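Below you'll find the structures, each written out as structure tokens.
Next come two complexes, and both contain chain A; in the first it sits with chain B, in the second with chain C.
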Partner chain A sequence: MRLIEAKYLSLIRISFKRVNEFKFDFLMRYLEIPMYLIIVYFLWKLIFRFSGKTELGGMEFSRFFVYMVLARFIFISFPFTETSEEIEEIIKSGQLTAIITRPVTFQKYVFFKLNFNTLVDGLLSIGLFLLMSFVMGWYILDDLVYWLLFGASFVLAICLNYFFYFSIGLLSFWADEIFGITQAVRSIRMFFSGELIPLTMFPSTLLTVASLLPFKYMLFNPVYLYLKKYPVPEALHQLGLQLIWTVFFMIFSKILYQKGLAWYNSYGG
Partner chain B sequence: MPEKIMEINPEKSTLTDRGAENTSTANLHGSDRRVEGISRSVRQVTEKSPWDRTGKLAYALKHLRLFYRFAVISWKRSTEYKFNFFLNNIQQIVTLFIYIYFWRIILNHIPQLQEWDFPTLTILTGFVFFNQSLMVVFWAMWTINRRIIKGDLDVFLVRPVSVLFAIIGQNLLIYRLFEASLGLAMIGVVLIRYHISVTLFKMVLALLIVFLGTYLIMMVTIFLQSLSFWLGRTNAFTELLQAGFLINRYPITIFPKLVIAFFTVFLPVIFIATYPTLVLVEFTVIRGLEVLGGELLIAGLWTYLVYQIWRRGIRRYENVGG
Partner chain C sequence: MGVKVDTIIKVHQLVKDFKVPKKDVNPSLAKKIWSIFYREWETKRVLKHISFEVKKGEFIGYVGPNGAGKSTTIKILTGVLTPTEGEVQVVGFVPYKQRYEYTYHIGVVFGNRSLLEFDIPVIDSFRLYRDIYELNPKTFQERLDLFSEILKIDQFLHIPVRKLSLGERMRCEIAASLLHKPEVVFLDEPTIGLDVLAKEEIRNFLTRINQEDKTTIMLTTHDMNDIEALCERILIIDEGRIIYDGPLTEIKRKYVQWKRIEFEYHGIKNPVLLREILKKTRVLEQRQKFVSLEVNTLEQDVPEIIGGLLNSLDIVDLNVQEPRLESVIKEIYRRGMNGAGEGQAEQVGP
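This part shows the complex of A and B:
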């Protein structure tokens, strides 16, 4: 059996054609990075200087900076609230009726049509990040075991993000609008995923709360693994938790979809 | 009934005037005094103000009335789904809490960030929120590029209203003004809690700077969105702009001079939160007025640029089919 069926390959081709059609736009996405780098560099440099410490959140400035940059690179390429919004559009507009009559699985259809390029984007982002690290002399991970752990965590994080936002999108079966939900999740995720500030800078109680939520595994874990901050047994433990959350949201989204489909009705063509 | 004519069609004022002159001539030949009175009133009406002559005032009033209607519709639409409305407001409180807590975490590690301590950073966050809310109220400006590509402007072009106004006004999110009040409330709480005394004039000045700052960012956004007339999809510019907004959350004066200059002229986010906070708690009134003057100059420049690009772009716009 082929890894990806031909019908999904066509969707991937379409998604690539869409990227190709607007090449300029695709390339320009990475232009925000220098702006981000400037902000992060000067802000945290100042915070480090004022703190009088060599380490914050268990990282010295050079690693801390790499953390912030890599988190941004990964963040740009991961599935985000757009996935939920697209699903909402499909359900609300009645396009779902056409999709369910086709010989495709809805989860796969949405992923290959709308989100497959995030995987390519992600790989491209990592490539670009490594190139920048090499040119600028930043820290580069030099351990094969950790590269494997990072790779696994990276792919799991993409899947977790996808299934998470997919599940939120499916709430459109019941909710009249999900804009409020996506925006609320966006804020909470920004804080608890370590995008705004590394979770290791949190007070201990808040860090415990963050560990109990899925957001940590959406961004913080792959970045922290890249920085080799977890010992191997802890890294495996964290990967296990990440896998559990991914499987949880995969199953949860399937259940939601089945329940939602029973609820769904559409009139007209 | 010359006044009536003016009311209906202000552009025809010259013709009406000429007609009045003829009537006056008739009067010279011995017609009754009433005609002379009418001719005088015609002259008075036609010489009232340039606004009336060109009909710009009527045009502006029409847009104001429309804006009010759009706002009412927007409010009704957003409160239609009660649960979503409730969640939106909760989300705003959560986000505000997160932003403030972010500073709390940072200040657990350092006493203060240059001259910025916790109260001033919270005031800054309040202004960020205030501006953010206004930007979301007019969120449709972020969709201009998509509408250009899809050819959705046709429907607006056939209406007797400004195209930009129609795009933005029709999709107002007026309920997000709650967030603005939340930001202002936060500023008020900090001023009281930390006994920071400010004059009413400074408050007004700070608010003026924020409003103008929001207008400036809108101008930059519309400028970048309008590039779609030439470049097609320009989402990247939007993302670039949003990346620039990231700096808005931090006090921009802590950055090097070159960065400050960039975020003052090219992407003027410094007027959104940093300057209003400084004007409120640190600057003298004179310094505040200087900031406002500078902002007005930059706003004028960006308005001119937007006017030019939009005018040229709309001429270039084409769409086949409905």
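This part shows the complex of A and C:
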């Protein structure tokens, strides 16, 4: 048996084609980077100076800066809320009917169509980041084991993001619009994923809360692995937790979809 | 449920209920606030014991006013919805139970929903459907050649869908849904918003597919010209019940109860006879030497009236009109369930 059926490989091809059509749009997203670099550099330089410390969140300034930049690159390349919005569009526009009257599985259809697009975006983003690091002379990860750990964590982060936002999108079966929900989640995620500041700067109680939520595994973990901050055993432990969250949301989204269809069947959408 | 070999769709005593929010005509403020958190639901019966059968190769029109239950029927037939009661079988499958396998045998086109990927060339969407339906390259190429010939889609196969006109897009949509040579095709408003020429091309194509491939086609539309041009048989649904099921040719005979006669004349030959004749009709309009009359076909014989007019007047021009299908259908909707029992369609003809 093939790992992926031909019909889904074809969907992956379509997602790559879409990337090609919009390559320019994709690159446009990175226009904010120079301004972002300037702000982050001077802001954190000041914070480091006034704090009088050489390390914040367990990182000296040069690593800290790389953390902030890589986190931003990953953030830009993951269309966090786009997945939810696309699912909402599929359900609200009636496109769902068109999908389920064809010999495809809804989850696979959407996963292969949307997620591989994201993977391409993510890889391009890492490529751009490495290029920039090389040109600017920033820290570059030089350990094969950590590259593998980072790669696994990065792919899991994409999948976790995907299933998490897929589940939120499925709430459109019940909610008239999910904008409010995505906005609320956005704020919580920004704080607990380590996008705003590294989680290691949190007081211990908040850090515990962050470890119990899924957001840490969406962004903080791959970045922290790139910086070689987790020892290998801890890194494997973290990957295990990331995998558990990913599988949890994969199953959760499947149940939610079945519940949504049952609702649609009884309430007429 | 015994299905005859040539029966491709069988629907028996189909019932579908939906839960809808309970409407309170004059709610108190407290109730209004409470309703934000808690909604009361009631059951609404959308399909009320409908039954019909469709034979292989039939081209059938399914019409009814908005909210009559057309879409719900189509959604049950295509496996999207599960019926509350009753039986449904299409191409030997129970759609809602065997959805995945079943969808290889049907084609579905929703006029207002696209099957094609907007941002990429049409041919790539076709290739996607080739893989989704697991077609071999030879069959795919043959179908593509056939569609290129009849629908003339070859000229825009390499253009992204978003750059196509509505008519071009719809031709591609229909081609995409027929690539896998389905046994039954469900078309929901396929000509909505199209110009006369585009409609004509699509109608010709559907006729050809129906005749050459013996594809069974079920068409729902509000455009009665589509029905007149394509369907031999028509099913009319209203308020969840099939109120007419029969050949298109019989529908006018059954429901048309008047004809309009319009004529121009030079002079009157026989005023007594003319008065007699006019008594049997209803004069709608009279100006100078032009008259428009309406004749009740159940009570009067139209040839006899025309004969009387020719004998009593110097007729210059005369024509007889019967109502358009659209107004006939409107009349049937207006009459609604008067005369049609629970689940009993008015059977006309064989």
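Here is the rule we use: the second predicted complex is superposed on the first by the 257 of 269 C-alpha atoms of A that agree within 3 Å, B and C clash if a C-alpha of one lies under 4 Å from a C-alpha of the other, contacts with A are read in each partner's own complex, and residues count from 1 in each chain.
The definition used in the following text is that contacts are C-beta pairs under 8 Å (C-beta built on N, C-alpha and C of every residue); 3 or more make two chains touch, one makes a residue touch a chain.
Note that this is a predicted model, so its numbers are computed, not measured.
Visitor: For A:K53 in the superposed arrangement: first (chain B), second (chain C), both or neither?
Guide: First partner only, chain B.
Visitor: When the two structures are laid over each other on chain A, which of chain B and chain C touches more residues of chain A?
Guide: B
Visitor: Check whether A:L9 is in contact with chain B, with chain C, with both or with neither, and answer first, second, both or neither.
Guide: second
Visitor: In the superposed arrangement, does A:I38 touch chain B (first), chain C (second), both or neither?
Guide: In the superposition, A:I38 touches chain B alone.
Visitor: For A:F179, select first, second, both or neither according to whether it touches chain B, chain C, the two together, or no partner.
Guide: first
Visitor: Under the contact rule defined above, give the chain A residues that sit at the interface with chain B and also at the interface with chain C.
Guide: Touching chain B in the first complex and chain C in the second, residues 22 of chain A appear in both lists.
Visitor: So in the complex, which bits of chain C are touching chain A?
Guide: 18-20, 41, 46, 72, 75, 78-82, 99-101, 103-104, 106, 108, 110, 112-115, 117, 119-120, 124-125, 127-128, 130-134, 160
Visitor: What part of chain A is in contact with chain C in the complex they form?
Guide: Residues 6-7, 9-11, 13-14, 17-18, 21-22, 93-95, 97-98, 100-105, 264-268.
Visitor: Spell out the part of chain B that touches chain A in their complex, as residue ranges.
Guide: 80-81, 83-88, 90-91, 94-95, 98, 101-102, 105-106, 108-114, 231-237, 239-240, 242-244, 246-247, 250, 254-256, 259
Visitor: Show me the residue ranges of chain A that touch chain B in the complex, using the header's touch definition.
Guide: Where chain A meets chain B, its residues are 22, 24-29, 31-33, 35-36, 38-39, 42-43, 46-47, 50-51, 53, 56, 175-181, 183-184, 187-188, 190-191, 196-197, 201-203.
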